[in-house]
Each structure stands twice: as C-alpha cells, then as structure tokens.
Amino acid sequence: MLSLYSVAYDLISIPLTAIAAHLPAPLSAWLVNTTLLNVLGALVFCAILLGASMINTIMLIWFERKMLGRFMDRRGAMHVGFAGLLQNFADGLKLFRKNTRRPKDADFVGFYAAPTAYMVSSLVMFAILPVSTGWSAGALPLSLLLALVVFSFAPLFIFLSAWSSANKYSLLGGMRSAAQMIAYEVPILLAVVAVVVLSGSFDLTTIVYEQQNYWFWAPLFLALIVFVAGMLAEMERIPFDLPEAEAELVEGWNTEFGGMLFAFFMLADYVRALVGCFLIVLLFLGGWTMPGWVPASATSFPLAGIFWFMLKTYLVFGVFIWIRASLPRVRTDQLLRVGWMRMVPLSLLSIVLAVAVVLTKCLPVIGCVPGIGGG
Amino acid sequence: MSTPVTGAAKVPSAEPAPTEGDLPMVDQPAVSFVEIETLRAREFIPAAKEALSSMALEKGQAEVIRPVFNWAGRNSLFPLHWGLACCAIEFAAAFGARWDAERFGVVPRSSPRQCDLMIVNGTVTWKVAHKLITLYEQMPDPKWVIAMGNCATGGGPFRTAYSVVPGVDKLVPVDVYIAGCPPRPEALLDGILRLEQLIRDRRE
Amino acid sequence: MVGEDIGERLAGHWGTDRLHIEPFPGTAGKVRFDPALVLDVLRVMRDELQFAHLAMVAGIDWEKHREVLYALWSDERKQYILLSADIPAEAAHIESASSIYPSANWHEREAWELVGITFDHHPDLRHLLTPDGYKFHPLLRSFKLHEPETLEVKRRDV
Amino acid sequence: MSEMWINMGPQHPMTHGLWNLRVKIDGEIVVDVDAEMGYLHRGIEKISEDRHYNEVITLMDRCCYVAGMAWEHLYILAAEEALHVTVPERALYIRVMSEEFQRVASHLMWYAAFVQDIGLLTPFLYGMRDRDLILDLFQSYTGGRMTYEYMRVGGVRNDMPPGFTDRARKLCTWLIDRFKEYDTLCLASTIFHKRCDNIGVLKAAACRKHGVTGPMLRSAGVKADIRKDRPYAAYDRVEFDVPVQQDADVTARYLIRMEEMRQSIRIIRQTLDWLDAHPGPVIAPQLPRWLGAPYAPIGNEGYLLKRNYPHGLGFSAIEEPHGEALAYLVNDGGEHPYRVKFKSPVFANISAVREYVVGYHVADIPPIMGSVDICVGEVDR
C-alpha cells in the first residue's frame, strides 16, 4: 500500500542501503537498522507533513483574503507574486524579522510558551487526521477521540497567553475564549457521538469507509449543523469571534503579541480552521471518497483521494468565508445561551436520530435521495 | 557572492567604480581560516565573530538576507488602525472598495504590537502627543512613520493654534510626508509605495 | 417675532430693571438678566415657558466683562430663546445651570476652561478639551496666537 | 471578577476618532463610564478670531470632516446674519442640495463604521464605495472630496457645471437601489436584531434633559427636526417627512438614518428640478470688497471700508447629519469675527454617555457608540 509514511521510509532507506552496500560490515549493520530507519523515516514524514500542512494553511489564508475581497467588491492582495500568492509568505518573513517585545508585567514563561504550545498542539492534528488512505501517521483505532482531545487543548493555551500578557483586553478575551470553547466542546462531542453511532467506530479511516456509499450529512443533518456551528466557535470566526472582537477588545487575547509570537497565533488559528474543515469533511462529507470516482479504499491512486479531500475542504472553508462576509458578531451571553440551550439539545436529538437510523436500517433509503451518494 | 577579494588589483576594472558606502574591504582582508586555527580558544570567539561579520554578515546579509527581508518588509506593511482627524476618513477610503490598499499587503491592525507602520492621519494635539509616543514605542522594530496630510506634516491650517503640535516630526521620526489637506487616497497609496522604495534601499 | 407672553411672564416675576428682553432675529428674543437670577430665570423658562431643551452655553469675553449666553429651545413654541448675563471679568462667577438642565454640564466645563468663567456648584468642573493642569484660558481676548517657532520636544527616556 | 476600569481609547477600534471612553466593568457588565474628550481640540474657535470671514469656511470643513457642507452652511448662516448680507435664491437651493448630499454621505460613513462595530465586514466596503460616488459629485462642482470651501458669505462660490443635474439624478437612483441592499444585509439578519434591539435605550424625556438631539432624539419618538421646525435656506420650499421611531434603541436609530437618507434623496430631487428651471446668479452682487478678497494686503481700501461696517450678531441653527448644531457669531466691525461659538450635536450626545451605556455589556458599547455617530472633530473643535 502506498502511503506517505512508506514514501518517507523509502526516502531514507533506499539511499542508506545503497551507501551501506559500500561500507564494511559493522558500519553497514549499524546504518541499515530498523530502529534508525524508523526514526529517520518518521522525521522525514514529519517534515513532509509539516511542509504540506503549512503550505496549505498559508494558501488557506490567501484563499480567504481573495475571496473576502471579492465579497467586498474589491480585489484583495494582488501585488506580491501572481495574484498575491506570495503575500502571506511576505507577511510571515516580515513577522519573523520583527522584534518580539514582552510587556514589563508579562509572565515570561506563559508569554513565550503559550503561542508555541498553541501552534504545536494545532499542528499535531495533522498527524492524526487521515487525508487519504495513505496520508496519516497510522491507523489509530481511536483517532477521532485523539483528534478531539488535541483540538480541545486550545482554550488552555489561549487562557495562558491571555493571562500572562498582563493586559486587560487580553484577559477579557481569554476569559471569553475559554468560556466559549468549553461551551461548544460539549455539543461538538455529542454531535460526534451521532457519527460514531452511525459508523460504529472511533477510527476516522473506518468512518470514511462507512461513508463509501452514503455520506453522513443527509441522515445526520442536525449533527452537521451543530458541528459546523461548534467548529465556527472553536475556530473563533465570525459570527463567533468574540475573543478577538475587534470593535471592543482591541485584538482580544493576542493584543500584546507581536512578531513571531503573533505569527504563531495567526498561523495556528488557520491551522485550526483547516483542521476543522478536515473534520467536517471526514465526518460528514465522505472524506476522500467521491462516488463514482474514488472509492474509500483508494489504494491505487491516493493522489486522487487527496485531490477530492482538499477540494471538499476548501469548499467547506469557502462557506465559512461566506458566513464571515455576511454575518455580524453575536454577544457573549447570546453565544453561551445558544451553546448550552440550543446546541446541546439539538446534538442530543441528533444522537437519537442516529440511533433511530441504525435501528430501522433506513440508511439506504435516505441514501437514495439523488446527489447524496450511491457509489 | 564570490570569494573575498584580497587585493585591490584583482578587482576587474570593467565593473563600475563602487561608491564609498558599497566599497568591499579590499585593503583589510578578513581573518583567514588558517589564522583562526592557530588562535587560542579564548581568542577564537572574537576572531570568529570578526570573520563572520566581515564575510558572512557583510556579504550574505547584503546580498541574500537583507533583500529577502526587505522584500518581505516592504510588501507587508501593517499600519496602526487609528484615526486622528480628517485624514482618517481618507485613510478609511483608501481601504475601501475603490482604492483597496490591501492589494499592496497593507492591512491595518488595531494593536500597536503587530504594526510596523504608523500613519499619523490628522492633527496631533499636545494632549494626544504622549499617547502617540507611547504607541510608537509599543511598536516593535523595524517601524516607520508616515505623516499624512498637512496637519501631521506641519500643523496645517491649525499650526497657529495653542493646542496643536506643528508637525508630528517634533515627536517621532517621520519617513514619508504626504501633502494635502486631506491627501486623496491615491496620495496615501503613493506615500506607501514611496515608503516601500525606502525600505528596498535600506542598508541596515 | 418676540414672544410677547415670555416678556410679560418674565416682567411679572422680576420687573424690568433686573431683566429685560430685546428682539433678536430668528429667535424669540434675547433676555438680558442679572447673573444672580440665573437659576430662577432658567427654572421659569423650563417649568413655565416650556423651554425644555438647553442647546448651548457659551462664554464670550468682552474684555471689561464676560457674557454667559444660554440658548434654549422649546418644542411647543418651535423657537429658540437666548439668555444672556454679564458678569464682571475680575470675578467671573455664575451659578451652574446643571442642576436644572443636566445638559449644561459639559458646556459649562468648556466655558470654564476656555473662557475662564467659574460655575459655582458645578458637579464635575474638570478640564474637558484642554489637558489636565492647563493654566490658560485660550478664548480670552488677551490670549494671542502666534506662528509656532521651532520647537524642541524633549523625549522621555525609553 | 472585581470591578476594573478599562480605557477604550484614544487608540481603539471602537472610537472612530480620537477620544477616550473610560469604562468601569464588572465582568462583562458596564458599571460606569466617563468620556474623556479633547484629544482633537484644535482651537477652531480661537483661530477663527484671527481669520477673515471667508477664511473661517476653511476651518469649518475640517471641523466636522464627515459633514463639511453642513458646517459651512451653519457658519455661513450665522455670518450672513451678523454681516447683514442677503443671498440670491439659487444659492439657497444649491446649499440645500449640498447639505442633503452631505447628509447622505455622512450617513453612509456612519453606516460603514457602525456595521463594522457589530462585526459585519462587507457593508463597510459598500458604504465607503457609495459614499465615494457622492464625493465624486462634490468634486465635480467644488473641486474637493471632503474639504470644499464652497459656500461663501453671500452665496456659493460657483455654479454647477453643465450636465450636473443629470449625473446627480442618476446617482440618486443608484443610491435608492443600494439602500435596499443595505437593509437586506442588516435587517434581514437575526443576529443584527439580537445585537441591536433594546440596547442603548434613551427615552425622549432623558434626551431632552441631557440635550441629546438628532437621530437619537427622533428614535425616541420626538418629531424634532430644525429643517421643519425652524426652516432655514430653502427648506420651507421643499417637501419631506421627518422619520420617527418609538423604540429609542440602536435599531431605531439605524432605521431613522436609513429613512433620512431616502428623504434626503427626495429633497435633492426637488432641488435639482428647481435648479434646472431657475438659472441665475449664485452669489450676492453687492458684497463688500474685503469679503471678496480675503487675502488683500493690509492698507487696501477694502479694510478702510470695513471699519465703517455695522456691528451685528448672528445666530443660526441647522439640522446637521448628527443633530442640532448652533452657531453664534459676534461681528464687532473688525475684519475678523470677534467671537464664534459653535455647538456641536455630538458634543451633547456624548455628554449623556452615562445614560445610555451603563448597564449593558461591554460588547454593546461599539454598537451603541456607533449608533450615536461620533465625529470627534466637531466635539473638540
């Protein structure tokens, strides 16, 4: 099976074996050794994964800027590179060069650790989520749970950064952020339970396999709505971008961060956005499958699977941009009220629906609705 | 990025004569690695520093790092999002649909920590002067200031007033002055592009 | 356009030696009154003559004396009326109107700092437009403007 | 959380200008507020005492930079009264038209800023885009986008260029269409109503008590508009309605301003028809020479004449886009105004800030202050 890890492993093992052939026995045995090859292969794998995900994230920012520009009757970035493609690289390089200043009262450890931890915890998600059959660190039986656990680290780091930067706006933003994320973790988890009920597995790859014929968005439409709303809150995008609410809290919890620390926050936000879109595609939109084109076990051409997966991801993100361009921001109490009093009951209802669908075995019936599936 | 030239005679005469600021250190060759090997450990670090600063930093910074970072810096100027007076409205118009300053990568940020450009868009009064300086100091280096409009340049029609700072350059160093009362958005964009020119030619 | 009933009502209260009304184009008239009467006049204006809205309080420096000018508006009459009291420049005091018209608060703060008229019993007489501790009253005639010379601004240490 | 003070300003995205709203919060609830003004105090009233009568117009444009025409008009009315100058009728209509276009432009600027306060990103661009079209129109007959120096004591500076009225009519049609789009973007959204209904309430009695005027007063059910109640220029010769709402909240102010823009377009159309039918002079024929040549050197004959000019007092009131603006001008016979006093509507509206912000959430401050429509230039002057 062609997988990203095997590609990385081959990248390391083939040259090393070739070199070892010309070396005396003890050296070659030391060089061509499973442990070393595995470690090196994992490193190369990480490097490829990191590079691919970072480029995707930066492209996502570009996509958002251009599309938002179109919604707003203007052009967006267009002078750096072709159609502004290099704009975000310029931004990143510039932020890399900028000074980072720590306010006098800011806590040293928190101020520097929080952005880094936020960034790392967001990046780890890429190793967990399968983009195609081959593109994941390994088929973990509980990968969905792990993904959600890692995804929910963020409020801690945000709150740490907010508190350690010794700024009232940051603190307010951090408190809002923590309250909001915790309030929306619950409906997200419950909505995911509906998916698990339908698919019978916590393994994301299996969940996609289960959607080979019928994508889950039709039977679990309620869960999809809850999940999308929850993801909007988790990503802190309009209409739920209260922690960074520009109008009242200057830049929210990253008010005091400049230079590379700010770049970390900015990037990690978009990494989380990308990951959120990944999750939506994986759980509800059939992952890398495309009925009639790509089966779930697309071992023969994983690149086609990756293509469909990324296409769906960008389409989902396009919807998020559309929402951002057309909705105002809600207020904290309204947000929490919606979270606890609407989203939680809705997600519970969606679990009931999922159980009903499984018990009555009516999934194929729903699946017959044209345009939903049937591969 | 050729190897360091050690003698003045080896400089090809076809090249245009370098100006004084650009002159490579032809007469004082850098500390060579042969010499470094004979140095004692205590002397190694200063010598290596010198070697690095003369070779890697001078050459590499001048020809690789500086242009790259200057490219990045000039193409992503984040101005501070604030409005002082009339020019603030034209500042906003420059980010509107018709002029769209975001084409050049100019995105206003509300927090001075994330900004590298302060556009002083209006009259500066003595009451706001120390807040302006505080904001300027809160911006991380490298940073630039554009004095937009006559008021920021020299007090404008209010220069005789008791409460107005006659020119923001009394408070913070200004890189680009834009004339006009208020300058049109095109003028602001022109000022930003001129600032980009300045950054491209920067040698620090 | 002088409101006849206004003149009669005011004259009925205080006679005409401490207060008189003169025509002013575009308004119901300009009432000149003794500054000691300010609260009583304003109360009558608000309660009896339906001038519910204090639109403006202005101070004018006439070098020898200073004038406090109130502009009131009545929704019922659809008219402005101007009230003016002259106070001596050396003792520029007048009772604050903010107990009767809360909107006078900021106008009086402005008149205090710019024209140097002190409003007694004002709830919150702080600097509004000029910085705290600003010692001058710029709108006095004695305060002259000049072209700025080259200024040396001392930066504080970073 | 215990109570704490936070400074919203002078550099804060909410302020739209240079002022400081000190807010005392308990958690997310506002307990007390205190507005700190004066960061843009440029001494316009003082400088005016050093300028010729026509030179003050320059300062008026900069006094309120989103409503320059309205402030020019305010000053001009007071100055003409103090200087005993009469104005040709065509100039009155041109002034009315200019002020109404300025009202639409100012309200569009308000719309752009206000929707950004509640997190709507797109309409900001739409508002600025359509405002630019009005500024283009201004540019075609005054030469300036924001600072016009167009009105003069005794009339206006120049007549309309040929073909102006047609372009203006076309723009009116375009704008009327766009207002529908704005309403769709805002009023059709549930979140907009969630954010804006029942916040920032200031009832009619409190408005009058604290001197609050303009759209804020009309949103509280008081049908007060100086253009109707005390007509100036040619406002008694055009037909329009004064919109009134009863809720006195942010949504009501939004509706008021939207309807005011429609009414302004209605006024503009009437004035355009009148201007087409009545050509004529736009500036009074017999003006004192010193008014026509403000930069004449000292010793000029005009100044000698000026000494004999009668004294006068001028008082004017107009309905500025933000509310009721007053001017009081003293002409002591000298070449400069003796004293000019301007009353800005926003000045009074902000002074009542404690009445309509305390008790709401921190997140409500931007929409509430946005609905007040703050222009710091005219507050601090």
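All chains are identified by letter, namely A, B, C and D, in their written order; residue positions are counted from 1 within each chain.
As a working rule, contacts are C-beta pairs under 8 Å (C-beta built on N, C-alpha and C of every residue); 3 or more make two chains touch, one makes a residue touch a chain.
Note that the structure is a prediction, hence the values are computed from the model and not measured.
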Chain whose average C-alpha position is farthest from subunit B's own: C
Most central chain, judged by mean Cα position vs. mean of all protein Cα atoms, is D
Using mean CA coordinates as chain centres, what's the gap between subunit B and subunit D in Å? 39
Whole-angstrom distance, CA centroid of subunit A to CA centroid of subunit B, is 37
Based only on mean CA positions, could you tell me how far subunit A sits from subunit C in angstrom? 64
In whole angstrom, what separates the CA-based centres of subunit C and subunit D? 23
Two or more other chains touching the same residue: where does that happen in subunit C? 129-131, 138, 143, 145
Which residues belonging to subunit D are in contact with no fewer than two other chains? 12-13, 38, 41, 43, 46-47, 50, 124-126, 129
Of all the residues in subunit A, which ones touch at least 2 other chains? 72-74, 246, 250
Which pairs of chains touch each other? A-B, A-D, B-C, B-D, C-D
Which positions of subunit D touch subunit A when the two form their complex? 1, 4, 6, 8, 12-14, 28, 115-122, 124-126, 129, 185-186, 189, 191-192, 194-195, 361-366
Subunit B partner, complex, touching residues on subunit A are 65, 69, 72-80, 84, 86-87, 89-101, 246, 250-251, 254-259, 262
Can you list the residues on subunit A that touch subunit D in the complex? 68, 71-74, 168-169, 172, 175, 238-239, 241-242, 245-250, 324-334
How about subunit B: which of its residues touch subunit A in the complex? 68-69, 71-73, 75-76, 96-97, 100, 102-105, 109-111, 113-114, 116, 138-142
Can you check the complex and tell me which residues of subunit C touch subunit D? 24-27, 52-56, 58, 60-61, 69, 71, 73, 75, 78-80, 82, 101-103, 105-107, 114, 127-131, 138-139, 143, 145
